[in-house]
Each structure stands twice: as C-alpha cells, then as structure tokens.
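Below, chain A partners chain B and then partners chain C, in two separate complexes.
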Partner chain A sequence: MAAFADLNVPYLDDPRATEKLVSKAVKLGFETIAICKTYRFQNECGKETRKGKGKGKDRASLSPINWDVFPAIQAMKNKNPRLKFYSRITIPLDDQNQIHPVFTEVGNAFDIVAVQPTTEKLFQQACKSLDIDIISLDMTRRLPFYLKFPTVHAAIERGVHFEIMYSTALRSTSERTQLLSIALDLVVFTKGKNIIMSSGAENELDFRGPYDLVNLGLLFNFKEEQSKAAITKNCRAVLFHSEARRGAERSVISGKLLPQHANEETEAITMETCSEDEASKGDDHQKEATGDGDNGDDNYEPTKKKAKV
Partner chain B sequence: MVRFKRRYLLVEISFKDGRVDDKIATRLIYDTVKNAVKDSHGDYGMACVARSLQVKYVNPVTGMAFIACSRDYYRMVWSALTFIRTITFKKTAIPCMFRVLHVGGTLVSCQKFLIRHNKSQLLQLLQQCKTPAERQKISKTIKKAEEYEVPLDPKKRKIFSSTAVKILPDEEDFDSN
Partner chain C sequence: MADGKAFSTPKRRLTIEKYSFQDEKERYRRHIEEHPFNHAVEIVIPDVLLGNVNECFQSPSPTQHHCCLIQLPVHAFTEVEFINTFIKNGQFIALSWETRIDSGNCAAILPTGVLILSLDKDTYEQLGLTGKPSAFQKKHRFIVEVNLAAPSFVPGKKLYERVRWCLKDKLELTFKFLMSWTNEAGNLSTGTIHSFFNSYNGQMVRNEVNTQRAPNYKKAPNISYDRSSLTEDKMGPENCDVCDCMSFLSGLAVLLAELIAPDSYVSTLACPEPSRDLKELITHRWTGMITSNSIISMIHSVRNLIKSNDVPWIALTVWGFTDCPVTWKQNEHGHFLSGENFYTFVIFPNDQYWLYTAMGSHDIGL
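Showing the complex of A and B:
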C-alpha cells in the first residue's frame, strides 16, 4: 500500500510556520509531503525565478527546495526514513502568453508542476498538451467553464491528475457548497479516476486525518476504493509521472546511482522504477523501450508511466 | 429480536498548538456535532441522525470523546465532523479540529483501542524525553497503566469499569507539556 500523501502543503514566508504545518501533517499520518509554492506573475516574478534555478542545481541530492531553511524537517527525515518530501509549484494561468516563459524557467526546478487554468482554452491546453503533473481548479468560485468529457479524458490518458483542495471547504458554507459541486462534477467526468485530494491548508487546524479524508471522499461520490486511492495511489502516480517528465526525455527507463555501488560502474545503474514496483515488470518495459524507442511524441511518455502504476 | 446496531466514533479533539481545553463537556460536543450535521447535511441529515446521536464519554484532558450513532448514518456524522472548525463555548468560538481515530461496533472495542492508543502515545513521549526526571515520571505512569491492563479481560469487566478510567487522567499531565 502506498503511503498517505499530501501533495499541497503551502510554502509560507516564515520557514517556522511551514515547519509547523509539515509536522502537523506528519503527526496526522501523512508520509509523502510536497511543499507547494505559488507562482506570482507580476510581483515576485524575478525573485521566484532565481530561487527556482538555485533549486535546480542541487536536484542531484534530491533536495529541491533549499531544505537548509527547515532544520526540523531534516530532523524528522532522519528520525523516520519513510517520510518523503517533495517540492511543487502551482502556476495560475490567466493568459496564453504566460505559458512559454514560465515553463522554460520552472520546468525542471521543482518535483511537481501544477497549473490552475482559468479559461476554457487554457484548461484544454493543460489537459491535452502542457507538460505538467497536476491540474488544480480554483474551487472557491464557480468554474468559468464547463468540463467536457473529451478534454478530461485526454488528461487522464496522459496521466495528468486533477486536484481537489479540501481546505477551502472548511472556511465557509458557500465555499463548501462550491467545492462540493465542482468536486462532484469532476468525479462524474473522470469516473473517479486520476483525482488527488490535498490540503492546501495555511492553518494547522485546516488539516484533516487521512481516514477522515477517505470518508470525505464518499461525499464526492467516490467509491470507497477510489476515495482511498485519491490520497495514496494516485499521489504516487503523480510522483512517477513527474519523475518521467523531468528525468527522461523520450525514454522509459531511468536509473540512479546507489551510494554503495557508486564506484563499480557495472553495477551502478539500477532500475529505480522497478525497485518501487515488481521487478518482473522490468522486462516488459525493456521490450517497450526497444519497440517504440524512436517515438518522439510527448503523449507517449505519461501513458507508459500510468501503465506502470 | 435484533438489537439496534450502532457505530462508535472515537474522536480526538485538538486545539491550536497542542493546547488542552478542559472546558469541553458532553453537552458542548453534542451541540457542536448536531450543528455540524445540520450545516452540512441539512434537515434530512439532522432527521436521520438526531434520534441515535449520543456522546458517550468525554475526556477533556486528553481531548478524547466517544460519539455514538446508528450504523446506517455514521458516515454522515463522520463527514460532518470533518467540517467542524470551532467549538462555541459561551459565545466565544475556539478553533479546533476533530479527528476520528477509530470506528468500532461496541464501546468495549473502542475502549481497548483507546487504551492501546494512549499507551503508544506514552511511549512516544518517553522517546522525546530529555531529562532523566521526565523519563522516570513517564515510565512510572506506563507501569501504572500496565497494572490496569489485566481487568480488560471481559470476565473481570466489573473491576475494569471502576478502575480503568483512572488511567487516562494520569497520563494527561504529560500530554499537555
């Protein structure tokens, strides 16, 4: 069973506050946590970019956000090796022109890339072609467009996931109604697949325990199994998808040096994805790799990843 | 004759910064839950739940409570619990969080779980201890708690009901630290 995951813990300006949020999430039983930054276009564009590049450099050590700011998180990690921390960026999209410059800057600097489209056209683009992991819809207001089956289906085919951020539902009755209606819609269109639930909580008390969330999912018309998958399996799928997006261009197998074998070049490469899954599947991937090796289509990659998970 | 099937939700109520509030009482929690059900499920939900909703036990020091309701509608109560943000006490709203730790079919099974949970919590505290004095204090309570474990045997239930409850207040001093 995959561990419980919360892929949206906001990155607050005060590192202590962020640490507090993270420790609360860990206390509730989440083991995979992504710290999320929101990209702001006008105000802090330059600043964010610089930070992003810095993170890109030390990606090799698997610490994308400069974790030095969070000593408590490091301590937690040492204490419990099962905890995993990732970095994520959410980009609100309002305009077609924004897309290109942003993605060239951000692309590889963060583990997970999410977008928040506000128009139908951008939503379509996000579903069909953008190189992202999560589509997060603004659930505090009415959706400015209708979801359409082909569009949503395209996203599912590519392995892109939709996000339900539940913390807004706790704020007021109207926002709760809004979130429920959009979430219900989303579940109808996706048939309960490819949805993740995440907190986005800016306050310690906005978190909820994993089993509470599973139960909450039943309100969205999830089936029990899907509801649980929304905070376990699907989150893992997002991480695999992001790994595929960043690490490997037009390839299926990615490898990582294990520390103990670092000097022996022959044994150096292990199939990372296979170690996560059953090793027997590795053979299948090999075949696929040789068969479709020259397939340059972007859509090719994510579907493969999805199949693995 | 079939008995009326219930579910018991073991709920942990936590406040900001891990503080403890000993003002919470059975009645207060009952009202809060009832209002929450009304808010999130409306009149229909209220009608389904109202007859069977009960707060069986509250421990203000550990912030634990047993909430009972009929088995058919416990999901409704549960989802209402997740939407609770504040407890209103004498017109001041205190921000809080409800978290369901366990769902059981009988009170005894819940009680067993609660004791196990408290024990593991104590062990965690023991690991976090820095001074030997603290360590001693906590290991003492753990020993004490172990003494009460035997009466959990259903045959000796009579003793159990009179003594086991004492376990909880003892540990609490540490929870609040």
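Showing the complex of A and C:
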C-alpha cells in the first residue's frame, strides 16, 4: 500500500502554527500531507464584491500556498525524502451561482480541490459533474439532505472520494454522535470504497496515529482492509485523480533515452513500460517541459480521468 | 457499542512445541538459524543471584557486538568485490532501517545470500526486475528476490547485467542498512564492513543491554515440563498451564515496571496461579541487531546455568524486527496492525524445553 497520508492539515494564519501541525503529523508516521486552505465567500454581495472592494481579501485565501514561508517543512523534506507535501483547497458550496467563477479562479493553483456541498442539488452536482477530487461533508451537524445510492455511485464511478474528518469527533459529544452516524451512512452507501480519513485538526492534540485510525475505521463499519485503505491506497488514488484532472488537457507521453543495455530484447520492452508509467504518473516537470508541443500529439487521449488505483 | 457490535481481535498465530535439546535433529538450532533478523533477546531467570548470571553471560553476551548503520544504494551489494568478500564467505545479513513494510520499500539480505526487495507498486514498475506479487497486498506490493551467491551471478551473465543496470542506472534505490557479518571462523567482525564501505558515511551501533532486578516483584508461576497442561482444564492444582505461563512472560515488563498494580482498571494482568515466592527475579535484555549464532551460544550458556544452579526454569525470548520482509526461512512477512514475530524458549533442567512461536496476521510463518 501506499504511504500513510493525511490530506487535511489546515492552513493556519500563523505559518509557525501550521508547521507545528505538520511536524506532529510527520512524527506520527504520515508521509503524504496536504495543507488545506478553506475558501470563504463574501456571501452578502456575491459576485460584485469579489470584483470590487473585497477583491484583495478574496485573493488572499485563493492564492496558492507559498511554500517559502515554511522553512521547517523544507528542512523536514530534505531530511526525509519520502515526505510529500501537497496543497489543497476546500470550497464550501451554498449557492449555484458561486460555482463557476470560483472554479475558473482556483484552476490549477492547488493540487487537490475539495468541496463541501450544503444542499442536495449541489451535492448531486458535485458527485456527477464538478471537476473535483474530494467531497467533504460537514459532519458536525445533521446532513440537510439524504444520501442517495445513484448519486454516491456516480461519484465513485468518476473516482471522486468522500472524506471523513475525524478531528471534529474529538471535540464534543454531540459532534461525535453526528460524525458517527454520518460516517456509518457513508460507509453503507459507498460500501466502504472511495473514502478517505483525514484529520482536519487545528490542534496538535487532535491528531491520531495511522494504526489508531485503522481501529477507528472499524467503528465506522469498515472492513479491516478498507479501513487501512482509507488512509493509504485511497489517498494515493486522490492524488492521481488530481494529477489527471489538472494535467489532462495538455499532457503528452514523454520518454527519456535510457542508457545502453547489453540485453537488447528486454530493453525495448522496459522502455515501453517505463515511459507509460511515467506518463500515467503525470510527472509535472515533464509535462511542463513538453506541454507546448501539445498540437502534435494525438496518441494520448485524456478522456479517461478516473485515476487507476 | 449500543447495538452490541462485536469487534474481532486481530488475527495472530501461536504455536507451542514441547521438545528436548538432546534430540539428534537439533530442531532448536534450525528454528533459531531460520530466523536471521533478531532485534532483541530477553532472558528471565528466577532464583539465581545476579552475580552468577552476569558471570554466565560474560562470554556469549552480544553486548560487545556492533552492527553497522550505513546509507547505501542497493547496487553496492552487487559489486563483485563485495560478493566475494562478504556474501560468499561467512554470514552476512543486512536489513533496511526506518522503513515500513506496509507503506514503503524494504530490503534485506539473508545469510544465504538472497537479496530481497519488498517494493510498492510504483517502485516495482519503475525498477524493471521481475518479482512475484505479495501474498498479503496482492496488487500493491511485489517481492523481488535475487540470489547474490548463485554461481551464475557474475559479470557477463544476463541476469547480473540486468540487475546491475536496473539498480544502478535506472532507479537508484537507497536505504539505510543495518548490517552485520560473521566471518568464516565464526567471529563477528562487523568492523570490516564499516571499513569496506568507508566511502559512504556510516556509523557503528552498539547493542544495548538492560538488566532488571525486581526488588518488589518476586512471584512466578509454578510450571513443569510434563505436568503443565496445554488446555484450560487443569491437570493438577500445583501447576500452571502453558498458555498462562506465556501471558506471564509476555506481560512481565508491565509487572516489573510496577506502574500499574495488578488487577487495576488499566491492566488486569497478574501472575497466574498457582504461583510461588522467589528469592530473586532477574530479566536481562539485549537490543540491537543480534545474530542467530550468538543466540545459539546464549542457549548453551543458559543450559549450563540451569545445570549448575537449582533453577526451576529459564525463559529466553527473541523478538524479530517488525518491518522485516521475511521472518522464518524465506517466508514473507507483512504488517497489518502489528508485525510482531517472536519466539520463546522455556528451558527446564532436564534439557527439555517448550517453544512458543508467535506471529501476526500477515505472516506466512514456518
């Protein structure tokens, strides 16, 4: 399985505090970490405000994460090359009109895009058509709509994942009850597939170690394997899905010339397999380097966005 | 939970054998040698004074032994010079350190000279060496085995060139390795490895020893080779059964720590009945990387100790590394919730012993 991942470490205003959270997660054994910004709408005035006065503030929450403000994270990365950091944005959706402008802005600025739909219609839209990676339901209070099998199934078909954010369960009894009931529902509707567990912890104490999470997953009615997959394999699938989403328009197959090998027959085969592999992994650098030449490449059809697990 | 949902306990396996050291087949020796990567050894001795114990474990103690911790690319092990010096002579073992078998890549070299790479899917696909899918994570982990000691594994042969090219030019896998080498004469000379790899930055790590006398806790269950029963139905009132003894030995650290009173809320562990009072209870624990050979010599000195003193039994427990790609023989080992693999010899005066072998769910085992 892939490395343990926590795809929701909140981005706090103080970079130091964020670093503390990240280092706690690393200490517990997580190797893939996504730092999450939450998008806040200026809800009263909607579009106009964003274009006019409120623009500056809005931009701030939308600007991609600047990794230079986290020297400690860079240091950790140098020390342990297996650590991987990603940026993520969570967009709470309340209104149909908001969707389009936000998505054009967010575009490719973040590695992972998550939405938090609050109405049934938006939930349906998120499952069926929106170009996103994660659907994160608000598990602190009752869901304002019922989950429906076809809708959830559509999301699974597209490779979109659902998120269970466990840190809210540690705060109060009522939130814990809510989280349990919603998570149990979610596991029933998804049959335990395409779910990720993440912390969303704003406090160091809210983090839990990976093996504790596997046990916690059993409470949500996961099977043992699924429970572990929720923090390993499925997170890996989310990352591949996001790669596919961002890189799909302009990706090409690229191969590098491998050094000469004595065994000629096998070389041809490996050459083929490894170039395929690199392309499906969607190595960023290669794409950017060759991205300009997209007019000439007809071989690759980015129609299939579902990430292979 | 309110609806009475039952959670199953993690799957694990425990086998118990009763045997004698005098048997010609020397099964104990095979059992120890087939488990090459040992992280810790603990000896529990009742009723012997500390002085006697220390004297007994002067010579075979692994305290003076070192293991070598070096960050190395895997292809360093395929150099001809290395194979001729270390793999083909004596016993060389190496294990990747600070790697996780369930979520990353691991590597190990067995005393037989087999290089085992346990790789996740991405790395396996990039590497280009054929392997077989793991038994526990079917499509997500692959095991590559290369016999470095094979006579055909020499420069010029297809396989050798292929392995070299994959590990060196294509994907340079690098791990921190814990290594130790026993030369042909049977002496541990890990220092040689250190000087062999002096171009890489390495360090020698000393095995640690920890002796505990329990000043207040002086109780042990009554057990005997013949008369302790295996099952729940007690044979005689004067002896504990075998499983109780196991739980006593494994929980001993907790009992000795005395942080928790027996039968408290946190732990219900207590010395199984019937028990008796002791003059002394000593535990001796070595941690680090301990070779099978030194465990065998420890077994011998335990047998001497038990002959020269009036001791009802002595227990010797050996723990393997939890993130090791193999446990016994060349059988795959995995890690689901825990990756423990350990065995305990309970040795009795007349050269008889019990052998407990325990492993987690992801372990092919013996």
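The rule is short, and it goes like this: the second predicted complex is superposed on the first by the 229 of 309 C-alpha atoms of A that agree within 3 Å, B and C clash if a C-alpha of one lies under 4 Å from a C-alpha of the other, contacts with A are read in each partner's own complex, and residues count from 1 in each chain.
One rule holds for everything that comes next: contacts are C-beta pairs under 8 Å (C-beta built on N, C-alpha and C of every residue); 3 or more make two chains touch, one makes a residue touch a chain.
Fair warning: this is a prediction, and the values are worked out from it, not measured in the lab.
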{"item": "Which of chain B and chain C A:A72 touches, first, second, both or neither", "value": "neither"}
{"item": "Partner chain(s) touched by A:A2 [first = chain B, second = chain C, both, neither]", "value": "second"}
{"item": "Partner chain in contact with A:L216 - chain B first, chain C second, else both or neither", "value": "first"}
{"item": "Partner chain in contact with A:A169 - chain B first, chain C second, else both or neither", "value": "first"}
{"item": "Which of chain B and chain C A:R82 touches, first, second, both or neither", "value": "second"}
{"item": "Partner chain(s) touched by A:R208 [first = chain B, second = chain C, both, neither]", "value": "first"}
{"item": "Touched partner set for A:L143, first chain B, second chain C, both or neither", "value": "neither"}
{"item": "Touched partner set for A:A154, first chain B, second chain C, both or neither", "value": "neither"}
{"item": "Contacts of A:T232 with chain B and chain C, given as first, second, both or neither", "value": "second"}
{"item": "Greater residue coverage of chain A in the superposed arrangement, chain B or chain C", "value": "C"}
{"item": "Shared chain A surface residues [contacts with chain B and with chain C]", "value": "211, 215, 218-219"}
{"item": "Complex contact set, residues of chain C against chain A", "value": "1, 7, 100, 102-104, 120, 122, 125-126, 128, 137, 140-141, 158, 161-162, 165, 169-170, 336-338"}
{"item": "Footprint of chain A on chain B - complex, ascending", "value": "14-17, 39-40, 75, 78-79, 81-83, 85, 95-97, 99-101"}
{"item": "Chain A to chain B touching residues, read off their complex", "value": "28, 169-170, 173, 176, 203-205, 207-209, 211-213, 215-216, 218-219"}
{"item": "Residue ranges of chain A touching chain C (in the complex, touch as defined)", "value": "1-4, 29, 31, 82, 211, 214-215, 218-219, 224, 228, 232-233, 258-259, 261-263, 266, 270, 273-274, 277, 281"}
